[in-house]
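This is the structure I have questions about; it appears just below.
Chain lettering (A, B, C, D and E) follows the sequence in which the chains are written, and residue indices restart at 1 in each chain.
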Amino acid sequence: MSKLNSRRNWIGLATFALFALFPLFADLANQEYYVTFLTRVLIIGLAAIGLNIALGYAGMVSFGHSLYIGVGAYTVAIISDSGISNAALHLGVALCAGAAISLVVGLVCLRTTGVAFIMITLAFAQMFYYVVVGLKQYGGDDGMSLPSRSTFGAINLENNNVFYYLCLTTVTFAVLGVYRMSMSRFGSVIRGCKLNERRMAALGFATLRYKLLAYVISAEVCVVAGFLLANLAKFSSPSYLQWSMSGELIVMVVLGGMGTVLGPLLGAICLLFLEEVLANFGLPLPFGVSSFIQSHWMLLIGLFIVIIGLRVQHGLASFINRGKQDA
Amino acid sequence: MGNVLTAKNISVRYGASQVLFDAEIEIGRGEFVSLLGRNGMGKTTFVKALMGMKSIESGSVFFCGQQVAGKPDYVIARLGMGIVPEGRGIFPNLSVNENLVATAMQRKGSMSTIWTVDSVYELFPGLRKRIQNLGSDLSGGEQQMLAIGRALMTNPQLLILDEATEGLAPLIRHEIWSCLARLKNEGLSLLVIDKNIKPMLGLANRHYILEKGRVVWKGNSSELSDSPEIMSKYLSL
Amino acid sequence: MSLVLTQLLNGIQLGALLFLLSAGLTLVFGIMNFINLAHGSLFMMGAYFAASAFAATESFSAAMLAGIGGGALLGVIVERLIVAHMYERSHLHQVLVTFGMVLFFNELARILWGATSIHAGSPKAFSGSVEILGNPYPSYRLLIIALSLAVAAGLYFFIRHTRLGMLVRASASRSDIASAMGVNVVLLKRCLFAFGAALAGLAGVMAGPITSVQPGMGEPILIMTLVVIVTGGIGSIRGAFFGAMVIGIADTVGRVYIPMLLRATFERSVAQAIGPALASIMIYLLMACVLALRPQGLFPVKHG
Amino acid sequence: QTPLKIGFLGELSGPQGALGQDQYDGFMLVVERNGGKLGGVPVQVIKEDTQLKPDVAMQAVQRLIDREKVQIITGVTFSNIMMAIQKPVTDKEVFLIGSNAGPSPIAGAACSPYQFLVSWQVDQLAEVFGVHANEKGLKKVYLMAPNYQAGKDFLAGFKRTFKGQIVDEIYTPLNQPDFSAELTQLSAAKPDGVFVFYPGGLGINFVKQYQQAGLMGKIPLMSGGAVDGTTLPALKETALGVLGAFPWGPDLDNAANKQFVEEFERKHNRIPAAFAAQSYDAALLLDSAIAKVKGNVADKKSFMAALKSADFKSVRGPFKFGNNNFPIQNFNIQEVAKDTRGRVSLKTIATPFKSQADSYHALCAMK
Amino acid sequence: MNSLLEVKRLTKRFRGIAASDGLDLKVTRGELHAIIGPNGAGKSTLIGQLSGEITPDSGSIAFDGVDITHMPIHKRALLGVARSYQITSVFEELTALQNVALAVQARSGHSFGVLGEVAQEWKLLEPASQAIEAVGLSESMNHPAALLAHGARRQLELAMVLAMRPKILLLDEPMAGTSPTESKQIVGLLKKLRGTMTIVLIEHDLQAVFELADRISVLVYGKVIASGHPDEIRSDPRVIEAYIGEEGLVS
């Protein structure tokens, strides 16, 4: 057991080191683009980590977490638009808005279970999507540009490397936080709710409260991801709220491993790299295969997701675990 | 006449754990055979393996002269194996009448009569009053009667009852036993699993005892009554 | 007043189209416990098959045959290759697999038929409009209503009063037992999935002449369909029917009268700003309200 | 010689993918005719799909500029994409040669010397209809558009030039595929004319339903976006009689256009849409400007001047850039009709704007 | 008499069927009270209403002097109402110890703490392992519940219930479907528990009922038709007619 743990820690540390050193390599190779790309991977990974709290730990299959990415992104955009660029204020307001919305949405959604829960979370996300798209003063369909990144005291977030490290730090804290949570009393209660909610109530747990809290925490992590995402692109897009965003987050969590600490991040890295590679497919394959892949990469991503759904039960994280046990 | 059912060397596993080890059973035409054993010894699994509801790892099952091992359950059911499953398995969203009709099969079973809706209602007059009720609205006893009636409607060569008296009030339990006695007298072959051993000692021709997935004892009722050490070792009686 | 009635008819027509889609979806969910996000893709493929057949033959009957038959065939293939392996899996995995299928089919349609929308011909006999309550009404839309009512009645009769229908219901609640009682449940499920796909194809055929046949045309309507079945009660044909009507009417009437109401109460610019936004989330609001009060939907199925 | 890299940014997938594809085909027609060269210099066109998502477009721009180090980006199909990328691109002093989307802010206050729009400013399309409606003597017009920025801009543009009465102004939720309710209201209002803005798939839906409701031929339908080369193959006879507006039309009578249409049809076996024509012009513009600076695009001052001079034969006939680098050109009204070969196509019926600049050019600080 | 549980005029209808029909019941502190009755008499419905999973249409339930008629399930659990399910209900993927530790955690204040590590909290683990020992399951302490045999799961469920330190234990057919061997074990366990807490037992196994019960109530069509000592019940002609049958007496 302890051996397994130490190996996992080792892998975690190695990954962290790789991420931490990446901007140096990128600078050397004169490819700052990949810093931006990796920043995006980290941010989407953060959202997946957030979703995993609801999906993997508490067993709530939310198909609407894009909503909270949207809340984060739009709060930043709207406040920036009125000329205030203070990051603390942005984040504070975003988190409050996220808490209020997720509390209400969660209360309604948690009245249902199973497929109805999946659908109603989707419906709420759609509802916000249409509201955003319909509101001209907030850019509507066009989205909103940010004049600049949020200002964060003396730290200059306009610098891509600095911003990258901010995201890396946030993700690291999120990973550690989820790890602590999974071992705690709260963690064992939400796991119990996932396994057998009726029994939990009969034991004396107010299950709704715990599930609601898990939902809110999960939403708030996504709000932070939305905040970062808007800052990365200096743009807040209604497409963050689209249902395909929620779908992709689920893909990442399942691909990486539900209810594992590092799984969602792994899943995000995998899926986004695959998309990047396919969409810019460079290998010179014969018979126009290359250009076919380049222009129809969605076909392959679709197939990839189908195969994940068919074959993957425990996710990539479990591969690593199994590999470790064999070793 | 030969046997309705002959099963040999049946092995079954759930994932990594093996549940049945070379189990065997024979049922002659018109015979009433019981399958006994403590909880979790593999009785239900055995029956499911015979029915094709659970795939078997090895072994052979001859039913009405045909090798049926490996065939899907609906094929075996159509050959004439009827089951009253553990937990009754009434279709909750069908009415009593529909429960009987939906899976009925019109053919000559091992009994002299061909079962119809009317003859089932004659056997269980209590059901007739509830023709339009949904399966889920029946009391436990009524559900049990319905499950037996539904199995009879397939006009089986062999009727298997898995814990048919579980959770029933004593009065109803008694009714079921007398019904089984009647079916036996009319020539139906029966395989019965039940924890009430006393009534079975009177009815069954032969008994099999399962212990940890193996048949550890077989014999007729008088042999069983005469061996208290077997009864106490495997059945705690 | 007659205008209101015509709008009601519009709502019913939207409901009718939604019902064609919901029926298949809810049937597959109710019987196989399988949640199929790719239902919208089957709808799209049905529309494409029909449009291609129409282009080749200039006959709407041929288009209909192609849409329904093609949908059913595609249903069988998809069931064999993918869906059959997913019945026992969690809803989450089903959502995932079918989400992937949505992406796949959208791209496939683009490869096969191009990114542009293609022409879907309408039947000559139903190309005009008829006078109803003093307002002209497209006769094609009446055809949709009639067809959908016929499907609803047929389905009701099939499910309630035929022996096959009983078996379908029996397999819905206890497929293991049904199989042990001699029902070939695997075949039944395959046929049923194909049937659901054929209904989706039919919906695609009927939608072709009024909407554009293009990649991704399935998603907006899929989401509406999901709203319908969840509001109506998942797995119930009755729920799908009434849910479709409620959603269809709420959407249509909301679209017309909410902006009007707002305009009467607020000044024009405000009304124009929030009117459409409110109208477009009407159905989601309705659904949220229904579920908050009745988590099982309006007409939940009865299970033991 | 390493080829000159040009980024092509377009809507290539999804429901609106046809527009970007048309744009790309028009551009590549010139490149391929010249044997992979523009202005005598070999070029490599790197195409990026925007998926109609501004954030995806932003990533694509980053990829093009940071990784591929391109100096020129062309294409851009939709206004919202243009709005998102215009500043990031021109801030990096990369040339943006837009060949379709022309939203008002970048024609006005947000204009940039690094940006050249070979297409047109969107409002013009609506304004030209207003003028046309006045000329035709329409008194009461009914307006409809999807509820988003472009839709609102369009209706505003129409109202700017139209002198008659607006019966009603309806905004439908974006993505709403069915207009039965709105059409019922419309036909009850009995207007003289209808002006709508429904691009792409929405336009197809609208026109089909308009026809089925029995309104086609009874009330003239003026449409922005609904009828063009990409939607007509799907609409066919359904659309006969609908009015559209573009600076370019397949039947425009000039040598450059004849050559373009003929070559395009031979290669792609379909009638080009305006997107291809504009993009073709963009390629011709680059061809002329690159030749002028002899491939030295890095000399930004000279290249800018070379672009500004617009020294090429446009398929639209008269063409020059105004102070905001938007074209000064004619604007036509077209009717859907059968062409000489019996295909459903666009026929030019009027030219209400002659060598006209857009309404925002005065707001642009450039002189 | 000191009654712990007092049910008054409890009524619950399902689509016209009265599962509880103005039902009155008193359970005395410390007794083992058996409830018998024909199938569909409303016994499970009664337990459901006592534990809070079913809301009654009318009537009242008082527990230990508190009106709990409309109290949510978890609050009743914390007051001391514990139930076992007819089909065993444990957390399959957790070990036996973790299962019981959750039960201990339930009554040790709120569980919103996210910092402490459960696996290190002796406050939870010690009472849990004691409860496991009490039911005789020590050697399976660290096995996942999914791997336990039928009988062992029953024991585990009892351990969870005991760890809740309930005042009243509601048992719905704990012996249904168990072989004579397992039935004997459970009867033994219940005998040990009898006297330490109040128990309401629903069971069709008359032998066990008459062996264990201090008092028996007979439920028919949602009403208590007889209540009293086992010997009174056994000879009550109404009970014989509705439930036991002439032959039932013999066996």
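Rule of thumb we're sticking to: a residue touches a chain if its C-beta (ideal position, glycine included) is under 8 Å from a C-beta of that chain, and two chains touch if they have at least 3 such contacts.
Nothing here was measured: the structure is a model prediction, and the numbers come from that model.
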Reaching chain D from chain B through chains that touch each other, fewest steps: 2
Touch-network distance, chain D to chain E, counted in steps: 2
Most centrally placed chain - per-chain CA mean versus overall CA mean: C
Of all other chains, the one whose Cα centre sits farthest from chain C: E
Chain whose mean Cα position lies farthest from chain B: D
Interface with more contacting C-beta pairs, comparing C-D to B-E: C-D
Rounded Å distance between chain B and chain E, as computed from the means of their C-alpha atoms: 31
Separation of mean Cα positions, chain C and chain B [Å, integer]: 44
Distance from the mean Cα position of chain D to that of chain A, given in whole angstrom: 37
Multi-chain contact residues (two or more partners), chain D: 12-13, 147, 173-174
Shared-contact residues (touching 2 or more other chains) in chain E: none
All touching chain pairs, where touch follows the definition stated at the start: A-C, A-D, A-E, B-C, B-E, C-D
Residues of chain E that touch chain B when the two form their complex: 14-15, 17, 37-41, 149-151, 173, 176-184, 204, 206, 242-245, 247-248, 251
List of chain B residues in touch with chain C within their complex: 51, 53, 72-74, 77-78, 82-83, 85, 89-94, 98-99, 101-103, 105, 134-136, 150-151, 154
List of chain C residues in touch with chain A within their complex: 29, 35, 82, 85-86, 91-108, 110-111, 219, 223, 226-227, 230, 234, 273-274, 276-277, 280-281, 284-285, 287-288, 291-292, 295-297
Footprint of chain C on chain D - complex, ascending: 12-18, 21, 147, 169-178, 180-182, 184-185, 187-188, 200-202, 204-205, 208-209, 212-214, 230-231, 233-236
Residue numbers on chain C that touch chain D, as the complex places them: 3, 6-7, 10-11, 13-14, 107, 110, 114-120, 122, 127-129, 135-138, 140-141, 209-217, 220-221, 252-253, 255-256, 259, 272, 275-277, 279-280
